[in-house]
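Chains here go by letter, A, B, C, D and E, matching the order in which they are written, and residues are numbered from 1 within each.
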Amino acid sequence: MPRFLRPVRRKIGASPGTLEHVGEKKVERVRIRVIDYSPESLEEKELSSAEECSSYRDTRTVSWINIDGLHDTNVLAKIGEQYGLHPLVMEDVMNTNQRPKVEDYQDYLFVIMRMLFYDPEKKHVTSEQVSFILGRHYVLSFQERYGDVFEPVRERIRSTGRRIRKQGPDYLLYALIDAVVDNYFVILENFGEQIESLESDLIDRATPESLQMIHELKRETIFLRKSIWPLREAVSALERGESSLIKKGTRVFLRDVYDHTVQVIDVVESFRDMVSGMQDLYLSSMSNRMNEVMKVLTIIATIFVPLTFVAGIYGMNFDFMPELRWKWSYVFFWLVIAAICGAMLTYFKRKRWL
Amino acid sequence: MPRFLRPVRRKIGASPGTLEHVGEKKVERVRIRVIDYSPESLEEKELSSAEECSSYRDTRTVSWINIDGLHDTNVLAKIGEQYGLHPLVMEDVMNTNQRPKVEDYQDYLFVIMRMLFYDPEKKHVTSEQVSFILGRHYVLSFQERYGDVFEPVRERIRSTGRRIRKQGPDYLLYALIDAVVDNYFVILENFGEQIESLESDLIDRATPESLQMIHELKRETIFLRKSIWPLREAVSALERGESSLIKKGTRVFLRDVYDHTVQVIDVVESFRDMVSGMQDLYLSSMSNRMNEVMKVLTIIATIFVPLTFVAGIYGMNFDFMPELRWKWSYVFFWLVIAAICGAMLTYFKRKRWL
Amino acid sequence: MPRFLRPVRRKIGASPGTLEHVGEKKVERVRIRVIDYSPESLEEKELSSAEECSSYRDTRTVSWINIDGLHDTNVLAKIGEQYGLHPLVMEDVMNTNQRPKVEDYQDYLFVIMRMLFYDPEKKHVTSEQVSFILGRHYVLSFQERYGDVFEPVRERIRSTGRRIRKQGPDYLLYALIDAVVDNYFVILENFGEQIESLESDLIDRATPESLQMIHELKRETIFLRKSIWPLREAVSALERGESSLIKKGTRVFLRDVYDHTVQVIDVVESFRDMVSGMQDLYLSSMSNRMNEVMKVLTIIATIFVPLTFVAGIYGMNFDFMPELRWKWSYVFFWLVIAAICGAMLTYFKRKRWL
Amino acid sequence: MPRFLRPVRRKIGASPGTLEHVGEKKVERVRIRVIDYSPESLEEKELSSAEECSSYRDTRTVSWINIDGLHDTNVLAKIGEQYGLHPLVMEDVMNTNQRPKVEDYQDYLFVIMRMLFYDPEKKHVTSEQVSFILGRHYVLSFQERYGDVFEPVRERIRSTGRRIRKQGPDYLLYALIDAVVDNYFVILENFGEQIESLESDLIDRATPESLQMIHELKRETIFLRKSIWPLREAVSALERGESSLIKKGTRVFLRDVYDHTVQVIDVVESFRDMVSGMQDLYLSSMSNRMNEVMKVLTIIATIFVPLTFVAGIYGMNFDFMPELRWKWSYVFFWLVIAAICGAMLTYFKRKRWL
Amino acid sequence: MPRFLRPVRRKIGASPGTLEHVGEKKVERVRIRVIDYSPESLEEKELSSAEECSSYRDTRTVSWINIDGLHDTNVLAKIGEQYGLHPLVMEDVMNTNQRPKVEDYQDYLFVIMRMLFYDPEKKHVTSEQVSFILGRHYVLSFQERYGDVFEPVRERIRSTGRRIRKQGPDYLLYALIDAVVDNYFVILENFGEQIESLESDLIDRATPESLQMIHELKRETIFLRKSIWPLREAVSALERGESSLIKKGTRVFLRDVYDHTVQVIDVVESFRDMVSGMQDLYLSSMSNRMNEVMKVLTIIATIFVPLTFVAGIYGMNFDFMPELRWKWSYVFFWLVIAAICGAMLTYFKRKRWL
């Protein structure tokens, strides 16, 4: 089954909220990193155990706790307990095929998104689930593996005096979501180039391999749509939502993310139109070729079949065939042949087959 | 008529609420099983007659009465009376081709869903209607036949101390609905594999049998959509509804079911896109093949038809054909033949037909 | 023009409310029948003139006045006057190509539906417009011709003690609408069988006649949709409407009709999907056949055209052709022929054309 | 560019409200006709200048001023001034490619519609823009040329005692709109006949000309949709609007017009479905024909190519070909030929190609 | 990648509001021009530096400051500061692939649109982003390069006594938007002509080049839709919005722009229908041609292949072939040939292939 259609599923009938990692195990060890900052202070370190997290829960500073790796049920369960998260939230964090969504649990907001990466070698898009918990003084982020698109955000936090240092955790959440959405544009650019190049191939010269490539692009488009569409609604909910966790000043920025999401969706929809037009292009192109092949066959057959018949006649062995005896017969034969050829060629010219 | 298009219908013009089983009779005997539990107590038994049900109606404990088999009008009518159900409810329970829906009758909630099973041998999906009645202290469930997806729920009830034991009948209803929806994921997985395998067959080598298989997948997809789509609205109604029978704590869980339903629908829609793309793939694949066949024909005909004409000429019996007498004619003939072949092959090479 | 696309139209520019029968005249004589009942009493008779109707207008009993035949402007105008109906209502009753709808005129409700019949011989669906007026104490029903689907309702009224006898005219209206909708299921069943049988024909063996049949099914589907779709909205309006003419108890039953209507529409939509898939199936099937035909042609031509060329060579009359003189030439010729045949057949085998 | 796609446009950057006629000039002279009536009185005359209009503005009687011809900016500007119309209104009146719409300017309502005519000779639909201004005591109507569908309305006004004479200008507006919509049915009838006739042609015998006809029908359908769709919303706005210019009694009639509009749209949509199905029908029909052609070719080639080979063999000039000497060879040859023919024909029979 | 699919993107992870020009640098120098007017006064000049702008901010007169060129971050940042614009606004102004939108920042309104130009030589549409800021006493407009569609608006401002001179900046904003939308009609006209001409080519004679042209038109249509669709919502927001910056009198004019936008979209949608119909037209046209080619081949082959067989027979060298000795054999042979030809031609006539 195509990877992106593999649906989430806890063990059938297990209690809801049963923690269980669903998906590929992508890293060896769960890594927990904290960045704790205020306009004046900055602390950045890697935690060795889940227990240490709890100390960052109620500090006045903004704490961003980033967890890489979702397979270790114990670790995640502990974090969930310390931050008082609903079991269903932790279940969704660990089941890595969720639909993007935003859920408001009064004390905290829960956001799920998909981070997309473009693999330039295999020429296809891979994806990773990233979940955020926004609390009063902290942001938790859960990723499937090491490596993310948040490095520039970290850089901005590290340099004193940037706006992000002066804002609360809601602005941090915005910055993270924005980084994910911004990365979509890179994907789209690469994807668009692929479409572009296949299209000019198709017009130039369609091959059976093109068919396979169209098919793969179609799938990727379905995958992109599935990953990005629901985000629109989610970001909109975040922007218009009534959660007191998000300050008014931050909403303007969320509206900007919303605009970007809409733009991304616009482009994905255009891609979809173009990819679905390709199938038609392919068929038309094939039909053109068939036509060309048929014309060659028809021209050849139409010219030589009558000629062969004429030659056949004078190959007959009837005792009484006066033409065979005439002196100029053979020359005349060639004249007839030439006349037939000429007539045929004129006919094809007029039909514009030549 | 395809099984899933056979619509419900009571005997034309019969009074509404006339009880009559519509559908296949799937079991011999109606079986009534009760699980009655509270945090401390647990009773599980099979009832021998419908009359015994009434005692579970107003107990403080949670009673789950499960009825397997819908063909016995008497038994069902009695249950309906004892629990004060509207005749239209009982009619819907017995007509086994209902659309998933939720109806609020103040004193009780009425839920209809479809339970899906995948038959791995025949490679197609079968379905069974399951109805739930949620009352103040009880849940009634009606199934068409023995065997269901509720066994894990029963297990959770049986083990003391699990959350389900501490919750009311609304949570039980949630657990049952959740079990049904969870099972959809299994169906989707199997279905997805079928699509996947057919697709690679199509690209590799389409046969007329593929056409039939595409057609069957199309039907199954229509069937899945028809069974699952209306559930979205129904679960959403349950979650947002104002019925006092569903407690606030349970609504969070229902939202989770709702999310799962939306995921299932997403996947079904992706399947639909893919299956409908297959038809195009098939046509393109056929068109490719035709092209290939035509090319072989054209190449052979285009080479040999002119050659045959040349051979025909020197088979003629004209008395005066000087070439026939020349010594090197025959050798020269072969040279001409070779030249024609060479020219043709070069032409095809340039057209990239070879 | 297809019968179902013939639109309604009063004489251009005639006053609105001008009574004029638009449609086929389907019966000779307008027939007026009354069933007047209360829980205790029952009167059933045929009226000889429109004037007699008026006496049933304000009785406390429920009166159902059924009019068969819409061509007689005088009779209908009189009825309209006696019951104080708006001229536009009577105009709609007589123009027999209306869209299903419900209109609330305070004192009475006006309902238009289409009654469908399946003609098993011609294998197509015919239709008849039926209009209802629901007043405080009466229901008027107008049909285009004798014969309807209401006989079972009449039976229920006739037998003392049935629920319908104890309810008001709103319940009667429900019962009539329900009878019409129930009848749709019969239509769908027959229609579904037709689709089913055509489909297996198509996969088995498509013929040009199939094309015509697909086309007819398409039309019938358009017709069904057009007749049934607007009913959904109409019944929903009836159920949720604020008219005091419909009691609360009856609304539950109307919700049931609404459910049935939605089911019918669901099935019609599935039919539509299937019929539109048939066109593709037909094309694919044709394409398969063409492929098969082409292969036979190609195989034959590809084998025999080269052979004929070889035979042609040794039919030439060159004086100097050493092979012609050798003793084993002819045997050798056959060996070459066999070799060519063998090579070709191997090639086709490998291409899987055989 | 197709006439119906030529969009409206004032001179780029001209002040809004700049009066300028956009469209074809269809009549020589602007003609202004007035019908001024009350239940008792009736006056009908042609005005010689725009100035005379003003006297009808505030009379208690209902005045219907009909202007034919929109090219004379002076005349129209004067009328606009006298009736205090917004410059944008007059601009829209004169730009004859407006979308149907209703605008409420407090003191008056502004309605734009398209009047459609069917040209039976050229078999296509022409259109004309008609605008209405409904004031307290008057209706202004602007048409592009002489000749309209309002004659029957005039007749009704002329005959004393008709309802229209007793109603206000809002009823007159209704009557005019109704006349326009009623006329659509005539168009649809003609159009439907065209579709019908083309369809049976297609099934019977598709020709390349059919393709062009399908294409033209497609365009006409696009044109019809474009002209009629927006009317639905407009009439609905009129019926539900809060303008005090429309009395409650008239709203019932407007609802009737709305119903008719919906019916018209329904039919247009059905036409659209049918026309778009025709393309498929055409392709299938072509595919059928191709199949038939190919079969004939294949049968002929498959029978005669092997026979020709056999004949070719015995035309060879090998010195040693024992068969040539045998007495019964020739007879035997014919038997072989007959056998091959028979085998081939049996094969084709079994394949059902014959 | 097609130019119009190149999405906006700031440097990944850069702070939001980071000013950076995204897009092609289209002019050398940023040019700032001011028109400052009141009913009585008019001042028009080019500013040499961004600092001079500030003086126009709070004057009572209406100031229109037009900036051509978006690549100079310094200049734009200064303008942004002086007018107190949100950093995100300035970011959007400089990223030149924005979606049309309207944003209300209390003190000012921010509007983004696309200005379209038709390049008659390359026969395709180019586009430029234009942004407006509407403040209490000023309008800022930002364009990518010199040259725009606003010249007529400037003319109207220059001539004393025109309505625009008496109105506030909201009317100026309207006039500018109107100029942009009006220009769309020119694009559509040119585009429509291209469609028209390609269509008649297709019906007349489809060539493989047509395929490429259809493809390009498809893309242009996607581009047009993408540029214009969102404008509808934006203008509607402007018209219905509650911003105190827009006076009631101006809203009537904005409604007019809205109408025009809807008309433009209507036409674009019709174009889309027509372009997508072209692909079908092309395929049908190709199919027609193939059919014709096949018929020619079949007719020739069907006539001459049997004839060649007959000739082949009498070319055989059997010792005993009585016909060869008969005197009239040869004449008789020709009669047979003529008979076969006649029969074939009659057959084709009847099949209507000739």
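Keep this in mind: a contact is a pair of C-beta atoms (placed from the backbone, for glycine too) under 8 Å apart; a residue touches a chain by one contact, two chains touch by 3 or more.
Just so we're clear, the structure is a prediction, and the values are computed from it rather than from any experiment.
Visitor: If you average the Cα atoms of chain A and of chain D to get two centres, how far apart are those centres in Å?
Guide: Taking the mean C-alpha position of each chain, the two centres sit 42 Å apart.
Visitor: Centroid of chain B to centroid of chain C, CA atoms only: how many Å?
Guide: 26
Visitor: What positions in chain D touch 2 or more of the other chains?
Guide: 283, 287, 290, 294, 297, 301, 305, 308, 312, 315-317, 321
Visitor: Report the topology of the inter-chain touch graph, choosing from line, ring, star, complete and other.
Guide: ring
Visitor: In what order do you meet the chains if you trace the ring from chain A in the direction of chain E?
Guide: Chains encountered around the ring, chain A first and chain E next: A, E, D, C, B.
Visitor: Where on chain B is chain A touching in the complex?
Guide: 149-153, 155-156, 162-164, 175, 178-179, 182-183, 185-186, 188-189, 192-193, 195-196, 199, 203, 252-253, 255-256, 259-260, 262-264, 266-267, 270-271, 273-274, 277, 280-281, 283-285, 287-288, 290-291, 294-295, 297-298, 301-302, 305-306, 308-309, 312-313, 315-321, 352-353
Visitor: Using the touch definition from the top, list the residues of chain B that touch chain C in their complex.
Guide: Residues 1-2, 5-17, 86, 88, 92, 97-99, 101, 103, 205, 208, 211-212, 215, 218-219, 222, 226, 279, 282-283, 286-287, 289-290, 293-294, 296-297, 300-301, 304-305, 307-308, 311-312, 314-317, 321, 323-330, 333.
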